[in-house]
């Protein structure tokens, strides 16, 4: 039952190492493009990597009020959850664990774990800034959860044909047979909604109410320093990758070329595109919202878009 | 052939009542003797039910037991019968497990209260009545057990009559509970008037012959029974008293309430809907139950977000989780029932655990108000870890058990939504409810366990081992049922689901082979549920991954240690470096806690929350209006559609 | 016919529910619970009645009748047993309720349902 | 291998924490100017951090008034090692025109070891950038020293 290839999958591709390298590169490119949009030179593409390495070398201060175990354990749990999602996502024909690939519900719940790890870690640090931060983080999780669920259900209905399906594999198969999901006109509102869900899920700029560094001192991360902070930063990079990959797997699937390396390259390119459109573009053009505005925006506009798709898919369009 | 195990269902119930009796007589003065008697009764009952569970669930037998050996004469049941199939055994297992663990917990927890003998008497009576309720095969016996249960519940709710609101909660519980019992009794009387029997198996066969559609007496009886058991399971229009009672009762009793009393209501609903009246095949009845379940889910969780009392918050979560169970069993599919039963079991485990944590906090600090707590994680590290396990379980984070059952429920609802758009809506509500559950437990975590410690908590100590032991047992069970879902479904859930689905086998076993065919004209066939899939969720794989990454991190941490500074202040007084950052000010005590933590969410739902607070007015008449109104709606709806 | 019994029991049930819903005094609410009990008890007893039936006792004349005709027409004894049980339970509940009401009166200083609402929201 | 990488990274990713110790706001806007597109300090990896726990370089502006002295020192103490302290403008280094004022409690170097003084009233962005770059180099050196001391601080 245990396959030695699993070790390779978990540790190298598409597991931990790939997540690390691809995530930091993705974030570097994101920051570079962001700088270009502001007519700056911008940091080197490897900047996220330098940031991470520097943080690994810094002193780790554990505040007096903090609960040590939870404070140090939280970022690692978040990272593991993110790597797990990456392992479970189908990339064209290829999935790391073949038949064991999970379905959408697992992915929804695994996606809440990184947010939960930030929240629990922040709570464990004992700072009031973190208290405000976790409150905001939780509200933004509630905000994007509704549209995310509706988008996933719409896709499940679409891919399920007569019935419905939760299986990521069924969705990949459907796209292999019928072309990418985004080419179905009834799914375009859902794709738009998902594009807006992505930045909130990651917690990048207009929706980074939880980590607003200018008002609540980075929120949950206020007391973190050194290596745990480094892992949290890594989580942020990997989250960008994973959520874009989720979008790519849901909407930009297809036949693929049949060669794993080429497929992976195309898939990664799609992730870049998604990152550009959903994160960089919005980040460079919008100012930060207030938390209740975020909530309102997601439960009305974005959820409305997703609902349109859901109803259309329901009528078999 | 009478196996000695076949006597155990009756004995397990009786030993609890006997224990109650003996505690009253001998336990008045001697503390040790009373605890010994109570624990002996609970242990004996637990062991017997374990034997029964092995005999019934694993070996696949069905125990029928006629009290006084009054077997049916001329196909008419004349005595009280016990019939234990896998469903009964499953619930009996939950009941006795809860009783046993609560007993261990009570030893220390109740040691500060006076009147311990009354406490143990009522505790054993409550356990005995619920066990009797889930094991009996006679519907009037069931009613008697419900009444004893209500009686014991009221007395236990009002047990700490010096505490805020205990008496009030007891009275409200009594009024609404009696209303429920009256409904049940009227329903039973109507059934008896139609079928002239009280035996559940025989009733089932008779009703199958008469048919319920278009028979308004039957429909009235059905509506009354649903209301009666709905009140016992605290589904939404009846949930008001649950919140009060759970909050006012001692934590070990709150655990019994959420662990077995509302499970008794769920059991009753399953029995009534699936076996006795066999109405779950009808789409309209499914709609009714699913609607009640969905509303319970959402109202429960949003009310919980509003609370600032630890136990009241947990009480509203009980309502919400029971909403999940009702929705799942209301679907009428094998997968739905499996999810519902799994979730019922998980709810017993994690909600009991949460109540025990609330009790531990109360034991250590004397407080349950979340606004007055903070920083307990440093003082009570084990309780904190246990609480986190339970909180993640109830929020459905993998790999804990809540995730498995919630996933089965989502799959069941979503599969159903291929038929009707409404179920899609239910799926969305269920998923959002799960997130909101996480949110409100984040609130508890932040308010009670994390954040800055209070100066008045300086000499707070971890609770004693005899309280931690049952908590750890339940925590381990929470993790186990989450990590090995295949094992649990195969061994425990599937037999129970098969029992729910094979009505005719139930009837035939009780009344003698061939009875069903004689009455209804259709042969008894055992319907075995299709292979209950639990999807592609393999937690073991996830754990392997987790372990590998954790090892990698540890290696890096150990080898990188020399190149990295790492300071941890363990002194009593923090120096500036390790003090909390306050924008440069001296670190002062300032915590972010309480009911308004999720302001961004509440702000947008202001009208909804105000309305909800208005409904939970605290006036017992209003609660009665809701219950009677719901009864009226059920009667009218069922009459209109059946 | 037992129609007046059924009507009566329904009236009792309705009155009991009315008292639960409308009456604000706790003692009156307990009275309402009592009425509900009596309504159900009357209902169950009436269910067991058979037109022209005799008491369910096997003595003397019934045995002769039985020997002659092979069957005898009784009223149903089971509902009466049920009613007895139900009455006992009802009495217990009333006692319990009244004892709680007394303690509430001592603690809160009032028996008005509108003022006994410390637990709400 | 990793240690070399970490040492190099220490210089390439210095995060700033800015403390205003009673400044006239002149230096503050110059510091912001350094981060804007024209001078773009982010190309060297500089970034403003929101909390001292994340920072590598503490930039102090203003003359260090008596009221704020304790707060500044406390905040500096909360920055994890290795760290650099940079004074910006004349005020924190010399007191400038506030030197004999009754609220003056400086200079900063009286209380902590200052690594870089950036002169000017207000300091020019070019100067600031040069000063911060030197601070980043010092950071790398400090990191090496910390390593040689076996992680002891």
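Note that the chains take the letters A, B, C and D in the order they are written out, and that residue 1 is the start of every chain.
Keep in mind that, in the parts below, a residue touches a chain if its C-beta (ideal position, glycine included) is under 8 Å from a C-beta of that chain, and two chains touch if they have at least 3 such contacts.
Everything quoted here is computed from the prediction, not taken from an experiment.
**Q** Any chains in contact with both chain B and chain D?
**A** Shared contacts of chain B and chain D: A.
**Q** Please identify which chain has its centre, taken as the mean of its CA atoms, farthest from the centre of chain D.
**A** Result for max centroid distance from chain D is chain C.
**Q** Nearest whole angstrom, what separates the Cα centre of chain A from the Cα centre of chain D?
**A** Between these chains, centre-to-centre, one finds 34 Å.
**Q** So, what's the distance in Å between the C-alpha centres of chain D and chain C?
**A** 84
**Q** Between chain B and chain C, what is the gap in Å from one C-alpha centre to the other?
**A** 31
**Q** Centroid of chain A to centroid of chain C, CA atoms only: how many Å?
**A** 63
**Q** So which stretches of chain D touch two or more other chains?
**A** 2-3, 6, 51, 53, 78, 80-81, 153, in rising order.
**Q** Can you tell me which residues of chain A touch two or more of the remaining chains?
**A** As it turns out, chain A has residues touching two or more other chains at 56-61, 129, 217, 222-223, 226.
**Q** At least two partner chains per residue is the criterion; list those residues in chain B.
**A** Residues 560, 563-567, 577, 579, 581, 583.
**Q** Tell me, which parts of chain A touch chain D in their complex?
**A** Listed in rising order, the residues of chain A that touch chain D are 31, 35, 38-44, 47, 49-54, 56-61, 129, 211-214, 216-218, 221-226, 229.
**Q** Residues of chain C touching chain B in their complex?
**A** Touching chain B: residues 13, 16-17, 20-24, 26, 29, 33, 36-37, 40, 43-44, 47, 76, 78-79, 82, 85-86, 89, 92-93, 96-97, 100-101, 103-104, 107-108, 113-114, 116-121 of chain C.
**Q** List the residues on chain B that touch chain A in their complex, please.
**A** Its residues touching chain A are 375, 377-378, 381, 384, 388, 392, 395-398, 403, 407, 410-411, 414-415, 417-418, 421, 424, 427-428, 431-432, 434-436, 438-439, 442, 445-446, 449-453, 535-538, 541-542, 544-546, 548-550, 552-553, 557, 560, 563-569, 574, 577-583, 587, 590-593, 597-601, 603-604.
**Q** Note which residues of chain A are touching chain B in the complex, please.
**A** Residue list for chain A touching chain B: 6-7, 10-11, 15-16, 56-65, 67-70, 76, 79-80, 83-84, 87, 97, 99-103, 105-106, 108-110, 112-113, 116, 119-120, 123-129, 131-132, 134-136, 138-139, 141-142, 145-146, 149-150, 153, 156-157, 160, 162-164, 166-167, 209, 217, 222-223, 226-227, 290-292, 294-296, 299, 310, 314.
**Q** Which stretch or stretches of chain D touch chain A in the complex?
**A** These residues of chain D touch chain A: 2-3, 5-10, 12-13, 37, 40, 42-45, 48-51, 53-54, 56, 78, 80-82, 143, 153.
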